[in-house]
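See structure below.
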Amino acid sequence: MKSKQYKTSIIGASGYTGSELARILVNHSETEIVSITSESHQGKKFSDLHAQFSGILDLTLISADEVDVAGLDVIFLALPHGVSMEFVKRWQDSGVKIIDLSGDFRLSTPEVYEDWYKKSHTYPRGFEQAVYGLPELHEKRIKSATLVANPGCYPTASILSLAPLFQSGKVDAKGAIIDAKSGITGAGVKASNTTHFSNVNDNFKAYGIGNHRHTVEIQEQLSFLLKKSVYLQFTPHLLPVDRGILATAYISVEGAMNQEKLDKMYQDFYNKKPFVRLRNQAPSIKEVRGSNYADIYPFWDDRTKRAIVVTVIDNLVKGAAGQAVHNMNLMLGLEESTGLNQVPMQP
Amino acid sequence: MKSKQYKTSIIGASGYTGSELARILVNHSETEIVSITSESHQGKKFSDLHAQFSGILDLTLISADEVDVAGLDVIFLALPHGVSMEFVKRWQDSGVKIIDLSGDFRLSTPEVYEDWYKKSHTYPRGFEQAVYGLPELHEKRIKSATLVANPGCYPTASILSLAPLFQSGKVDAKGAIIDAKSGITGAGVKASNTTHFSNVNDNFKAYGIGNHRHTVEIQEQLSFLLKKSVYLQFTPHLLPVDRGILATAYISVEGAMNQEKLDKMYQDFYNKKPFVRLRNQAPSIKEVRGSNYADIYPFWDDRTKRAIVVTVIDNLVKGAAGQAVHNMNLMLGLEESTGLNQVPMQP
Amino acid sequence: MKSKQYKTSIIGASGYTGSELARILVNHSETEIVSITSESHQGKKFSDLHAQFSGILDLTLISADEVDVAGLDVIFLALPHGVSMEFVKRWQDSGVKIIDLSGDFRLSTPEVYEDWYKKSHTYPRGFEQAVYGLPELHEKRIKSATLVANPGCYPTASILSLAPLFQSGKVDAKGAIIDAKSGITGAGVKASNTTHFSNVNDNFKAYGIGNHRHTVEIQEQLSFLLKKSVYLQFTPHLLPVDRGILATAYISVEGAMNQEKLDKMYQDFYNKKPFVRLRNQAPSIKEVRGSNYADIYPFWDDRTKRAIVVTVIDNLVKGAAGQAVHNMNLMLGLEESTGLNQVPMQP
Amino acid sequence: MKSKQYKTSIIGASGYTGSELARILVNHSETEIVSITSESHQGKKFSDLHAQFSGILDLTLISADEVDVAGLDVIFLALPHGVSMEFVKRWQDSGVKIIDLSGDFRLSTPEVYEDWYKKSHTYPRGFEQAVYGLPELHEKRIKSATLVANPGCYPTASILSLAPLFQSGKVDAKGAIIDAKSGITGAGVKASNTTHFSNVNDNFKAYGIGNHRHTVEIQEQLSFLLKKSVYLQFTPHLLPVDRGILATAYISVEGAMNQEKLDKMYQDFYNKKPFVRLRNQAPSIKEVRGSNYADIYPFWDDRTKRAIVVTVIDNLVKGAAGQAVHNMNLMLGLEESTGLNQVPMQP
């Protein structure tokens, strides 16, 4: 394989985010993975952890301490929150561009972080430079960022669902309800009662009712759009599927509204956004599986005077690794959809 | 097998409702299935259609025309809506007790039916005698009924979720949002694109947004409790599971409220109801699978001043055949939980 | 609830075998669960571990040390192999009847055990009294046994598949191939990479090729029937389902054979066995799910001169808890199918 | 999008094979889809049938009669058997290269076809030119072919499993047993009882025991390698997964054999074959999902003197569309893995 223009490293090999970044990056025309790290598996091959990469990506895993930052253009932090901030601290002044897939720098301040994540933040300075990496909202700032906080999976679907309406100003700041459903990969690669097949298969449940930490991430971004403080209801549920999030968002709308106006509002907002597909019927999560698309269906219910917006994404792609590559493309000045041409895999 | 006290017949053998009635009734101590009908499969054995009954229930299917109503105590109509009303018309004056599992007599008037079901009703007189068969609300009337309209699956879960709050009067008649998720058996036994494995497996979608006909059934029952007209938002979704409904209901509450008061309100309302289990954490649908339980978790979110109530049922049991047997027990004067002792099957 | 005639205890509450025994026994007309033990969860309620039992079986878990054996008729050991033998040692001379659901006493001698289980056996004396609890083969001995070794799940399906042919003597002792597929509950309740939803869902694999310890259990029972030493090929696979085993067994047959003779051979062998259903088409695992049936389809392939026998069971019922209750019924002199009338749950 | 070098057409838009060809070809660097046909859906967009292609491939479907063969380099026939032969007849002499994904020209003669497919063949002349499109066996002939019969999904996995051993000559021509398991997409896109979610989910069954038509396809190719007539046992099963085939093949081996020799035999046979990955542990089907890989694990059981070979493929890719594109690459003189770099999608 010939060497490519930009060099990247993935910090954290064992999780789904790490393997999904690799899945996308091995076929990216402009960048090359030069190292992947794992503290607990160093010395093994990447394909020993993720057998699907046998013969495709057999790179030997190294410790993060061995990463030569000087030779890198971009570092992806595919680490748990709380851990990630330490690596941002270590590398933020090195000149390398950092894309952090954890929740450590997504919120506005360390105080909000500590309030919802229930742990202290050890690198408050990171917040000064971190840009929230949702390209549909912050493209310009992402292009010049050195630290991007890649959005959470639920927030990606939820914010995209409601952004046009909140920007329009025609909604009640306290009126939104987001009922969201995620595949099990959202719970991570770790074996637990929650992820045991027999507790998931043919099953379904709600969790984190009233206190899921993605609530505040959504609120902050919608507040930015509405220009006042937003409080909303967010309820996540666990689907017996591997990948995919579907968010059903409900909001009353002030003033005259109809289906045509609603469609127009969404078309205007998402004009020229390559990964948003506005749909005219309710999409299913498999229609975006494996791809970076967010399919959005805005519906006006004239009987109840509510907008109901259904959005589907692949939580590992648009909700994590794909969006991270999108951010990388923007940060490197590449065409924004480079390497992100995966067709959704249905069936 | 020795003959039992009461004789029943199941009209409609091929659907899930028919086979689920059989699953429950073969082990019911006081009643006996004397005939099962199918127009398209008459002459075959019941176990030819449903192989799980091999050696258990090998009754030969007959035409509904051959049913000897005089010898029966109870008839279950396990038929599509629109078809069921014809059989109610035929048998309503025969003295046999009829439990109709279709939607034909669940609503208040033929006009409402025609408005939401988009077809004319050919037996309006049936509405005069039909009792809505939700035992937790209408036990007394069911006991003396000759025609019971067995509730829809979504309405069962939805009404039970919100009944205590609507009876309390402390809620906005237009404020409820019910985001409901159902297993695929809710779509019936018929092969279609909707039920094709590859369109369901690892997938999830919303449907019937804003216009599902169960909306009005829920509204009518909650209106009865609130004593004024209720308008609510109901959104069904399709889960990649066989059985089970989970309803997540959202409603703002007027006046002082907290978790303790909410719990007390639900405990008082469901006191001595054998099939409602009030839970103190969010239940999963497998925790009631195969059983007649409705597990309800009322949660108070003090941040948003909303009650969020999660209810799970097995759509084929508490949402159909089990509730029908419960109604039969009440109509026959039997102990209400007779034959309904199935332990939920998890895993 | 009124007290019943026989008292039982379940040793080991946390696994699937324990909860499945409870699911069956709570509706058994002649026996009562007086205690359930768990060393790691003592003090909790059984329904805290298995929420499906809320309000059904809320018994407080005790330590095995607190079990009062004198008041018991039957003890079920729902423990891992290696642990179970210690409890057999402790209670074998107490007069209580023991049904051991582990693999500790299924094989003929401690030596064979040590060879295949790769650990030493600490209670060799148990082998003297242990009876292999497959009622279709050993009913008479089970009736008078004080210690029954409940068969493994794969062996139950595999032995029942081939028993008539091996008893007939018309097969090559080294010719059988059993390709078996099991649901994930066979791997137990413990969270691990093997049981993680995303490693099971939409997936399938073989494991234990050539060395699975159930091989020798099957060989020993078929050797008993053939009256010479049997060596066979056994390959297990992991299905993305909760419950169920399907075994596809292949064997060449000596002498004249055809479908009719094969059917007759199986009918004769399984005459009056209440839980074997001979089928005339290939059964699916859901056709026995939740029930104690073994559905067997013997097929003669005249082109290849082989018998191909497909057998399905629910691994947790006929392959574990249901068969244990069947054994209990025989040991107590009850009608053998008492409490085992569950209709298979399809869908 | 700029025009690419080679022009292709897909005949038959509605099935999985058609959509999977599109999924691969839209990202193929050297070829372009210029038309897709459907008789029943002409006039609709391709993405109306397959919503995952919204905004990616919105080509209007045309009738096959409108296809301008003169402007095409390659035609893919994604049609049912029996239908496909008519189109081969129509276009075989036009100069366009044809890749037929049906079973119509896979077998050696029309007589064999008629014997196993139970219908008469209307274009026997096609057999003269058809080349069996398994590149690992027939690469040279494929390169110069004008009509390629793309192998069946089961045969691809089965033949690759056993090819090295049959070529070695050290096996009994009547001794092989192939126990194969396929995802439901193998049964096609048509809604039926077989494909209804509730008949597949949490379920598993065997079918076509002793008479599946893929048997003869496997036999013919292995006969070609062994240089004598092969008769084997082939048993397919239906997995509750979308995609994937796992074949477990059993065969006794004559002469001295051990694991090392077996591995060497497979390494030599598959040397430089880009889509065969020899594995040293049993692979799972998700490890190849969405990709063109065949992962093969040859195991020697010294206890039973049998080779047990486990092979996994994605039935829609290596078992259909991917292999078709591989064949196209060979026929056009392109690098053989062009456009086939999809990384397996796990999870």
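Descriptive notes on the structure:
Read from first to last, the chains carry the letters A, B, C and D; within each, the first residue is number 1.
Following the convention adopted for this analysis, contacts are C-beta pairs under 8 Å (C-beta built on N, C-alpha and C of every residue); 3 or more make two chains touch, one makes a residue touch a chain.
Here the structure is a predicted model, which means the values were calculated and not measured.
Seen from the Cα centre of chain D, the chain whose own Cα centre is farthest off is B. For the pairs B-D and B-C, the larger set of C-beta contacts lies at B-C. Chain C and chain D have centres, each the mean of its CA atoms, that are 39 Å apart. With centres taken as mean Cα positions, chain D sits 46 Å from chain B.
Look at where the CA atoms of chain B average out and do the same for chain C: the two points lie 36 Å apart.
With touch defined as above, residues shared between interfaces to two or more other chains in chain A number as follows: 16, 185, 198, 201-202, 240-243, 283-284, 286, 289, 346-347. The touching residues of chain C, counted against chain D in their complex, run 174, 177, 179, 181, 183, 198-199, 201-207, 209-210, 231-233, 235, 237, 239-244, 246, 248, 250, 282-286, 289, 299, 301, 303-304, 306, 308, 310, 346-347.
Every residue of chain B that touches chain C in the complex is listed here, in rising order: 16, 19, 22-23, 26-27, 50-56, 185, 201-202, 242-243, 277, 279, 283-284, 286-291, 295, 316, 341, 343-347.
Taken together, the chain C residues at the contact with chain A in this complex read 16, 184-185, 189, 191-193, 195-198, 200-202, 240-242.
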